[in-house]
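Each of the next two complexes has chain A plus one more chain, namely chain B in the first and chain C in the second.
Now for the complex of A and B:
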């Protein structure tokens, strides 16, 4: 019976449909976890909201764009500085945060005037910046502010600026995944095709679904430059607003994160006939395969082989040093969705690590098809896991290391289990050859860190007992 | 014997190839048709077209897959063209069954992305 009802879920038995244990003789034709479904009442979800998916994951990455959040200050603050995506222009996107700071009176009387004032103030304060995303949030969507009318008015009055409106309040979907969707589709329909890029190479592509977490984009871009491939748009790591308006001119769309950004790649294929090539950018074996495929598309295979040989010579010995020390470890991956299927085979093939449990916050069934096809038997595959389930799964699989985000990471640290930030990384970048050495190093440092053992030892000795007696 | 060989190739494709898991039924079918046809042509020594962007895409995916097939399953190079075609036809049927016709993914047939 591969769908699993955990003991902690006895009062919410619907959770059984979300937890799968892969066993011999059964496959995804027989069982597939329910996913991208509303979180059940009674389960303490680790998910984010739809607005967060649009702003924090995709839009907020851009390096030349004001991110105006039309709502109370918390929506802006809580999606600022909680991800680390640097830029090559001094990290403009991480230095500043913008909000219309809605208060009760604006909710009662409407917030459109305040939005217009805020947009103009922001452009006046930053006269060199001419691009802006405006996001609705739950309260401003509920009161019906006509955000697009406001942005249209501002653009008519300030012809040198361009504004994209993302109408995706937090309640718009079951998780941050809805925000990815709304931003992707809104952007392709409203902005792609409105700027013509300068073409500098015979070979052009968009690199889609990489958000420059701790420099991922910048690391991979070294490869594309060596290969002579012009990246017209990075969606959206270290990217610019106008580059993304030029996406229609690329010859190829290379997709890393198919969950957050597969929509725009599909639409670029449908509307502009640009093929979509999905690759894995984490891991030596996968990265080499991705480079080979891109080079095969452009007919520059020899260049690709030279690059791969150089990178292997430089980084493989370091990877192998860590492999000797982490192989055989049992790993859990509790992240958003795609990293489950990106990582499960790469850590196994490149580091000899076995993944024993995986949980996805916002993955869809497509993601579970991929990860169950790639993952091991005896491994748990969980949709929208909650804290009590994590406790129980830890007892069941006893992982040696857990890759997850800071929220669940706090739980993991208190249990004295080695933890690595699987979202924003500990010491990234993690993509590419050099990046996977960084991942291996962080894994090694976490597993061999003596502090975990020391933290698990209560040095108070008898003193501890006396406090307990006093409390009793 | 052929079933066993199909299983080996299928296991590889399931584990390695993202093109079989695109978002919608028609994308998956297009990819499976295109990559398997190009790979079959490569394995049987038949000439193939590289004119359109989609032909070049299928070539990129098929080239890596065929190289891995030859490395992991050396028996494939001993097969004649007719046997290769049967084998790849069987692989294609199995991929269509797993990723399209018997897939439990409820989003496969949405009309929009």
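Now for the complex of A and C:
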């Protein structure tokens, strides 16, 4: 019973290759959904574009950097007010977005002058800010503006500023994943090694692939401070531009999100010989394991055990209170990719929750290998799931709760299924020990919402009455 | 003193006020029943706009993408249009309308949208004989106009494609409210019903506010039907309440089918609503009923308690959709507030000649500035300038930090208002809308007085 062709997919049978139902005795050597492949037009896929993978996910997190988007206004408008990544400097990154506001004449005659003017204006308007990312978009890439020549010129005229150019038109690749890759590789090749960090500890690392969603980075940073480990760069949660230029001086790269940021860790290993250590930051077992691995690397195991013991003493009783109440629940995860494999086993081990269906927007083969290895039998593993598939899968697995984005959350609310924001969280952070208690609490509050029971009640007493619209 | 009309001087934008054309086209598209817009472009052009709608309405709306990838950028996206349309038609048997909405990338590539749509029509006919699906070309390159123009463009394209012939008069009024909330649509429908005027609202977004039901059925969709659109040439007249988001469609129906087009003042505030109702009464011969006189009186009664006591001389900055901003500036004057800063967020050159702006310019006895092609940095720099002394901001949620960081009371109005609960449900138009907005402004100012301990004791006895 390997790959599944859903009823709703009878007209797009190629979708069968993307949906896998794991059964007894199988593993990912037998079956693996096709992933990171072009989306079928008109399927109502959940995917975004390469530009958003670069700007919204990674670059836009930085707390001291102007995000100049070279393109028409929509690319800027749409990647603003859509994320929850605070900073410790008043959330500069979430308050502003910059666009060259390209118009037809710039499409016809080129947008380079417009870009140069916009860059200079942005630095003039915000004289305290000296760092900038410039992103290309679909039209600027199509007309072939030489963006790097422009940024080079500005940097030569304004010696106190530094600009990184990210060539990430929305049509590049098949999903936001392409944008992650472009930004990772561009950054390591052009910017890493251009600033020397001040070393304050014997133990130094980069923390890669954590974007400070609702304060994840800041929470985990308390652990690293207690352990006496200096984090040279956070890629990119609550991070700064110049910290990221000095990544080459760390002794260790700790990677949380391997999908969005594994590339730079691999390059740091290749180019600078810095070892890569992948950890999971969500869940008690995983977090403890991650801390143990990091401490083992630095030879500070005792410190690690003390920290873990303290955190367990503080948070485990609360986690267990929620576990008693949510265990046995069936959960679905419809997010980007890595959270599938980060969460499936951690909710099972820590909370007794069974993940019954998972859909990844932009995961690659290695993500599916991981999640199928960690996940259960009887669970659906879906690549690039679309709306009709979600309805059918819900009917098949009947989840008690879904971790997904707010739009799909609104959709499943109508089906009397509570959702928890699996991207920006409800009330996070969700990483670390305290964070996983937050996740458990939000899950519990969603599942035990009294309104759910009321929603399922037909006060006419006849459960077969169909609702007729006023217009019908 | 006097009114100055300026343009954003900078080339670049810091914090845009409007989204791009395809976003506006998608908003018009979801107003149609049994319709899924298909956006021909990169996936982000769809994914983010769906998220934006979900943020504002707390609902999910279906919009599809042709998922343009590199190969299409090089060789053209023809096949992706055809595949997209046919996949939608096959998988959604109820589907009757597919607006194919272009974007910057596909306009630059120059895909032959009309040609591919013709091919799609042929394929649909062959594969589904007897089924009619309207595939509508909508050209909305993101580098022209904005969400405002994109909304108007899609509306007009739907009418052009679906309303192809005039039949017997249906005695109805076409009402084009522009990009408004479901609360406004419900109010307008009620007004027409109370006047005994049969009317079709384009777009009827009432069900954008949709219930959770015991039978789990989902009713979140536009209510404007193919028949409504096809019947628009048979109407008695068209009334456009929005100069920039509906007038072009009314004009089209006049030119093509001799349906008289009337552009009336956008009904924000008492006097504008009066003008709208008078015009509708004049066109239809139906008197304005007592029920609306009563509603008007209740609104006036409520606003008079607020105007000269609390609102007088308050300096207001407004931003958002052009018809909203201009209409609300007029409302401000009605309740004795001073609209000192109007921000209009795209390069439409007609704003400067808008008769409503020219009238304010002619009569302004206070300092007033209209900034065209503005961004929210224009707002922020003025708010931070003590000379401007802004007391109140009226605008959408994208300007929230200007208010938060500068401690200026702000009332959310327009689109999007994702940082306040349920606003889409309430009308801003009409007498009721004026009253609700006035009272929200008052309560916001009162809360601000309390938090800042600014003569909060005045309210001890109000």
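Assume the second predicted complex is superposed on the first by the 453 of 472 C-alpha atoms of A that agree within 3 Å, B and C clash if a C-alpha of one lies under 4 Å from a C-alpha of the other, contacts with A are read in each partner's own complex, and residues count from 1 in each chain.
We adopt the following convention: a contact is a pair of C-beta atoms (placed from the backbone, for glycine too) under 8 Å apart; a residue touches a chain by one contact, two chains touch by 3 or more.
Source: prediction; values computed, not measured.
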| item | value |
| --- | --- |
| Chain C versus chain B, contacts on chain A by residue | C |
| First, second, both or neither for A:48, with chain B first and chain C second | second |
| Partner chain(s) touched by A:152 [first = chain B, second = chain C, both, neither] | neither |
| Partner chain in contact with A:416 - chain B first, chain C second, else both or neither | second |
| Chain B versus chain C as contact partner of A:314, first or second or both or neither | neither |
| Partner chain(s) touched by A:398 [first = chain B, second = chain C, both, neither] | neither |
| Residues of chain A that lie at the interface with chain B and also at the interface with chain C | none |
| Residue numbers on chain B that touch chain A, as the complex places them | 14-16, 18-19, 21-24, 27, 53-54, 56-57, 59-61, 63-64, 97-99, 102-107, 113 |
| Contact footprint of chain A on chain C as seen in their complex | 10-16, 18-23, 33, 36, 38, 41-45, 47-55, 58-60, 62-70, 72-73, 80-81, 83-88, 90-91, 103-105, 108-109, 141-144, 146, 207, 210-220, 223, 347, 377, 381, 397-398, 401, 405, 418 |
| Chain C-facing residues of chain A, complex | 8, 11-12, 38-52, 68, 71-82, 95-104, 106-107, 114, 117-119, 121-122, 125, 137-139, 141-143, 169-176, 387-388, 405-408, 410-411, 413-416, 455-458, 463, 465-467, 469, 471 |
| Complex contact set, residues of chain A against chain B | 27-29, 31-32, 36, 185, 251-252, 258, 262-263, 266-267, 270, 273-280, 289, 292-294, 296-297, 345, 364-366, 369-370, 373-374 |
